[in-house]
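Here come two complexes built around chain A, the first alongside chain B, the second alongside chain C.
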Partner chain A sequence: MDAVLQALQMVGTPTTIAVILLSSLFGLFVGAIPGLTATMATALLVPVTFFMDPVPAIAAIVACTAMAITAGDIPGCLLRIPGTPASAAYTDEAYAMTRKGQGELALGVSIMSSTIGGLFGFVVLAFTAPLLADVALQFSSFEYFWLAVLGLTSAAFISAGDRIKGVLSLLIGLFIATVGMDPLTGSARFTLGSEELAGGISFVPAMIGMFALSEIMRTAGTPFDAGGIAGRVTGNPFRGVGAALGTYKAGLVRGSLVGTVIGALPGAGGDIAAWISYAMSRRFSRTPERFGTGHVEGLVEAGASNNSALSAAWVPAMVFGIPGDAVTAIAIGVLYMKGMNPGPTLFTANPQNLYAVWTVFVIANLLMIPFGWLAVRAARGIFQVPRPHLMATILLFCIVGSFAINNTVFGVGIMLAMGVLAYALEANGFPIAPVILGIVMGPLIETNLLTSMMITQGDVLGLFSRPIAAVLGVATLAIWTIPLALMGMRALRNHPAVGRGRTGNRTRDA
Partner chain B sequence: MTTLRRRTTLAAAFAAALAIALPVTGAAAAWPERPITLIIPWGAGGGTDGTGRILAKMMEDRLGQPINVVNRTGGGSTIGHGEIARAKPDGYTLGIITTELSMFHWRGQSTLSHKDYTLIGLFNADPSSIHVNAASPHKDLRSLAEAIKANPRSIKAGGANQGGVNHLSYVGLVQAVGAAGDQAFWIPSEGAAPALQLLASGAIDAAVVQMSETRSLAEAGKIRPLAVMGGRRDPNFPDVPTVKEAIGIDFTATGWRGLGGPKGLPADVTATLASVMEAVVSSAEFKEFMGKRLYGVEWKGPADFAAFLAERDESFGAAMKAAGLAK
Partner chain C sequence: MKTGDAVIGAIVLAAGVAIVAGAASLPPMIGQIVGPGLFPTVIGASMVALSLPLLARGLRAPRTAPGTEPGPDAIGTPPDAAAVPGRDRNSRWAVPVILGGLALYLPLLDIVGFRVLTVLYVVAVIRAAGGSLPGAMLFGTAITLAVDYGFTRGLGVPLPPGALPLVGG
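Now for the complex of A and B:
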């Protein structure tokens, strides 16, 4: 109890509070600008934290990342430029809501479900971190391979239209992911002799191009309209949020749980979590046919999942010093620098430091509400900007964002090429989200499959040789084959009409 | 204010581009009269980025001009390294050069070598180290070495990419204990963290990584450090023996990071940079930063740095030939 009081005192100093507020603002700003990432924000903060005391230094990192990732939802929702791979899972849904005039509700729900998910993840972190980390440490390339395949499976659920087209989109994404050097042996693939392509197709420019540029092109193709984006909105961004969260509270809890469990796995846990949650939300929904048309349900679940995964990513980082992603890798560096070495001793020696960091977690998550509200109020101006001006500005952001990620003009080229590709795909009814999923998951699947195959020396059955891997593998195969088998049986029973119904039926079939 | 830094970075990039178009005036006497660009060939957040940024921060205070850090990633750092080598040798574009430079030309990945740079100074050298899972039957390096000698294919080892410093360290060790280098069984991964995850989950038998990356796992009792591949014990881990102490074979393998510029920097600029860098590297502040993040501090001025890199080039070349990785 003493330690808790001490911790509160440490956080309660004017310096720490000021640091939290400033880094939150900084995170909000960087996160809300398309193309600037949370990783970038954190890396820029490190030299500044070098001159701070331990608690404010870590507070700066925690507050900045939490805010940057949540703020990434804002351009995703308003302009269709997702801030992070994780928010790409529901960008189309949020943007569809904006077009229906429910942009503020979409943002309000994103912020609130993020806060709830983040706090949920934190509670799990606070009470079960050492235990959960022990489980996470049992995951090797075999388990990750199955988990990533399971993530890919969600492509079949997230595509609103034709499922075959969804799978084809996914394959395009997987192909894009193979460009560049083989992740393990370094041999060049599809690089056309270009040194820059050897580094692979950068994810951020590709994502900006596919979502934002294609949208600009589509707008340019529609009749001239000098007004703002469809559905100008007024009023309180949080109006109706309570009702939405109440209606879908089961999804909220499910999203937080799934996000926490998957997020605690080091590696791309957080990215997979939002996609799986969005797919699950649709699978268990009473109205799956409304998904993709600007329906709030998936947003609730995936938003919660996204941020609970973010909190949970600190579990392996704090207990074993294993970074979950680039952001936690930087954070671990700062922990070491400040003498709070990750490890079991972090939880026993000087617990007041750890409690102080946790207090910051809570404050940072709660701060999202007022800061998010302010950001939404400020962003409202966007609706008043005449569409041609707005589109020109977005194009500018697209170019700056895709340049900034690696500081190369090549990134701008990738953005343009991907934008044109996405425009062509969407014009022909192919969904974009599965392409992004393929680009995110491709390297994960490939690396873990190759690693596993090297370990088993080519024995494919080896993928089932470890207990957790075997369970995940059998579950994945079952998800694939059972609907097919059911469909086949039904088709035999009363052919030929069934099995070719519209979207709603298909989703239920799965 | 950090956003401001971003903008100045962009501005500096444009300024640098403009400067290339302007005639040379031999104004080195007043160097540095404008901001310096520091290219880091690896991504934001990694060890090279973290140490490079601190070095830049401390050097800019002493040089009186801002140093703008630019991450130029890609191609396994060939892109960034190439850009440093091709920059105009006026002292306004420098870069952090790393271990991989000792390997590019052996692997046929790029023709770059340390000879393409003006070498300013070495600030960091970290020996590799070897670890096993806590449940492993091998309690010390002698036991593991015997298993490797008896059948190198029976030990699955990992620790970052194929042909990287840790892989070559392992191949060197396998050779040193008397087995064939090309029989070393290496499971590549995208860095130390995934390799340690494989080790802790029992999917591989040994991991060769930098000591700094394993501290928490070792303290948690999940993995067991067997030996450091350096000339002396790591002061942060005084109980872990060197390879020589453990099995009596004199074997070391070290990764490195240093500051360099394009070939042909004016001698006075190089001398100023080296003396400023030496002051930074030997400062208590820098040592404290590096020590806390468990990076080894090692200072070598231009001449020593060149000799060190010539030696590294040769020993990495030998290991790569043994592993069948040289072209």
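Now for the complex of A and C:
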């Protein structure tokens, strides 16, 4: 109980409250700008968190992300351009509602379902995380190794598009993490004789380059029309929302549940959750024919889903130190920098810090209601910020943020190199989030692998010697081998020689 | 920047081989079977293994016109979900100016200093993206001074003053 009171005191300080409010405003602004993602907002915020205490630093990230995801619905609804990828699933539906004169309702439903979904995800986090932490206390390097590999496997396999490219993205991230001193012997690896590289590739400039610079390059010089339909939404966005949520309460709960489950899977974020929930909403709807015509049902379910996924992604992040999505990967980096190393000891060593972060979750989700209203009212103004000036400002923050990590221009060089790499990767169908997950998880996987291998004296089968490790290891191997086996069987079945043989047998049988 | 699978496969193959070779040259850990080269070897070998299906797919696939292949924008984002409209013709120089400017920024920062160099960079980016020159100069100066003040005074991060003390210091 003392820890809870301490946590409330920590969150109640003027500094933390000011940080939450300012981060929320920043997230709201970035999320509402078409093309700028919540991950980018978080990446730009990290350098500023260096100068904060642990709780306000994490509070800044939680508040900014939640608000950016919610604000991402606004340009989707008004301009048919999703503000963040998490809004893309229901952008057409929301825009169709705006065209029908129901823009206020679409935005109100998005805000309220996001709030409910986010709080639902938080409740799951608060109840399941301590239980999982008790289990995690029994874990040794064997279990952590397999758990991390399982997490990364899921991240690479769940990512949309080409699986081979997803896994390669992950390997690129893991390789980047090996540059610098080896964690056990201190040998310099892949440093090309550079003293600065011996310190490793800093995660902050790498992340700013990959998520902010590459995105600026991708969207540079792409204008959008801010006028027109944006001006039509002027009424109260919360009118009629209660009735809509009441009518589709089953979808609201289902979306929150699905989002929570998907968000807790490493690598699967709010965007995947929203796509799945929108599809499920249509599948279970009594009026599926109304989908696509400006029907609110899908918005209720998918809007709840993307924000519950956001909260649930913190379960593996806090309990095991394994990120649920790109944002929690960034947050884990911040937790380490602040000495709040994620893992089961976080629940026992300094529980007040943990409870403080949870309190911030509740506040950030509740703040979505007034701030969402504010964003809807200010939408026209936000859209009219001149694109060239906005782009230059973001670039300026990229430079200063990368510089600030070690006060050297080397960080800016890392940011530039990683931005170009991410741009090239994305242009060729490689997902970026697994790269950052690889960078964050690389040291954890390598340290636990080497420790385990030293214990087993190089026996690979020894990695399966403990029961939980064996289960996790077999699950990981199954995820890798089953799709390969299925592909092999399919290829064999489609092979002309096999096809002829089968036809021949049938002929003989006949 | 779009490249065929065969070329990507070849690049990945070469990178994988280089990583394995680099890992093999690392000194072993005394008295242990495993060492600092183990993890990079696993990574490099996996890259080599994954390059093969990419190479095979690239060599087998018919040639397609550049820009016709779909590709995900972010994890879990189906292709084109977060797509952005085509570039404005007036701002086709934006990306070269952003990258070229940053490449020049790196060696010049310590010499010219943050304030002067950043104003020039911001102005160049805004112009390349289609903004007007007077507006760019005004905005560039204001935002640079504001960020400089915020970081130097507010956060205690000294930004390079450069070798031009009258303007930079």
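Methods note: the second predicted complex is superposed on the first by the 274 of 510 C-alpha atoms of A that agree within 3 Å, B and C clash if a C-alpha of one lies under 4 Å from a C-alpha of the other, contacts with A are read in each partner's own complex, and residues count from 1 in each chain.
Definition applied: a contact is a pair of C-beta atoms (placed from the backbone, for glycine too) under 8 Å apart; a residue touches a chain by one contact, two chains touch by 3 or more.
Computed from a prediction, not measured in an experiment: that's the story for all the values here.
Contact with both chain B and chain C is seen for A:407 once the two complexes are overlaid on the shared chain. Contacts of A:139 after superposition: chain B is touched, whereas chain C is not reached. Contact with chain B, but none with chain C, is seen for A:329 once the two complexes are overlaid on the shared chain.
When both complexes are overlaid on chain A, the residue A:48 reaches chain B and chain C alike.
When the two complexes are overlaid, the chain among chain B and chain C that reaches more residues of chain A is C. Of the two partner chains, neither chain B nor chain C is touched by A:300.
Legend: residue contacts after superposition of the two complexes on their common chain; A:341 is shown touching chain B, with no touch to chain C. In the overlay built on the shared chain, the residue A:32 is in contact with neither chain B nor chain C. In the superposition on chain A, contact of A:164 is made with chain C only, not with chain B. When the two complexes are overlaid on their common chain A, residue A:397 makes contact with chain C while staying clear of chain B. In the superposition on chain A, the residues of chain A contacting both chain B and chain C are 39, 48, 50, 184-185, 267, 326, 404, 407, 454. Residues 1-3, 8, 12, 19, 22-23, 26-27, 29, 32-36, 38-40, 43-44, 46-47, 50, 53-54, 69-79, 81-82, 84-88, 90-92, 94-95, 98-99, 102-103, 105-106, 109-110, 118, 121-122, 125-131, 135-136, 139-140, 143-144, 147, 151, 155-160 of chain C are the ones that touch chain A when the two sit in their complex.
Taken together, the chain A residues at the contact with chain B in this complex read 26, 29-30, 39-40, 42-48, 50, 137-143, 181, 183-186, 195-196, 198-200, 266-267, 319-323, 326-327, 329-330, 333, 336-339, 341-345, 404, 406-408, 447, 451-452, 454-455, 466.
Chain B makes touch with chain A in their complex at residues 2-3, 5-6, 9, 13, 43-46, 49-50, 53-54, 57, 70-76, 78-79, 82, 109, 156, 161-163, 187-190, 193-194, 196-198, 200-204, 213, 215-217, 219-220, 222, 289, 292-294.
By the touch criterion given at the top, residues 34-35, 37, 39, 48, 50-51, 81-82, 84-85, 88-89, 155, 158-161, 164, 167-168, 171, 174-175, 178, 182, 184-185, 187, 189-190, 213, 216-224, 267-269, 271-272, 275, 325-326, 386-389, 391-393, 395-397, 399-400, 403-404, 407, 409, 412-413, 416, 420, 423-424, 426-434, 445-446, 449-450, 453-454, 457-458 of chain A touch chain C in their complex.
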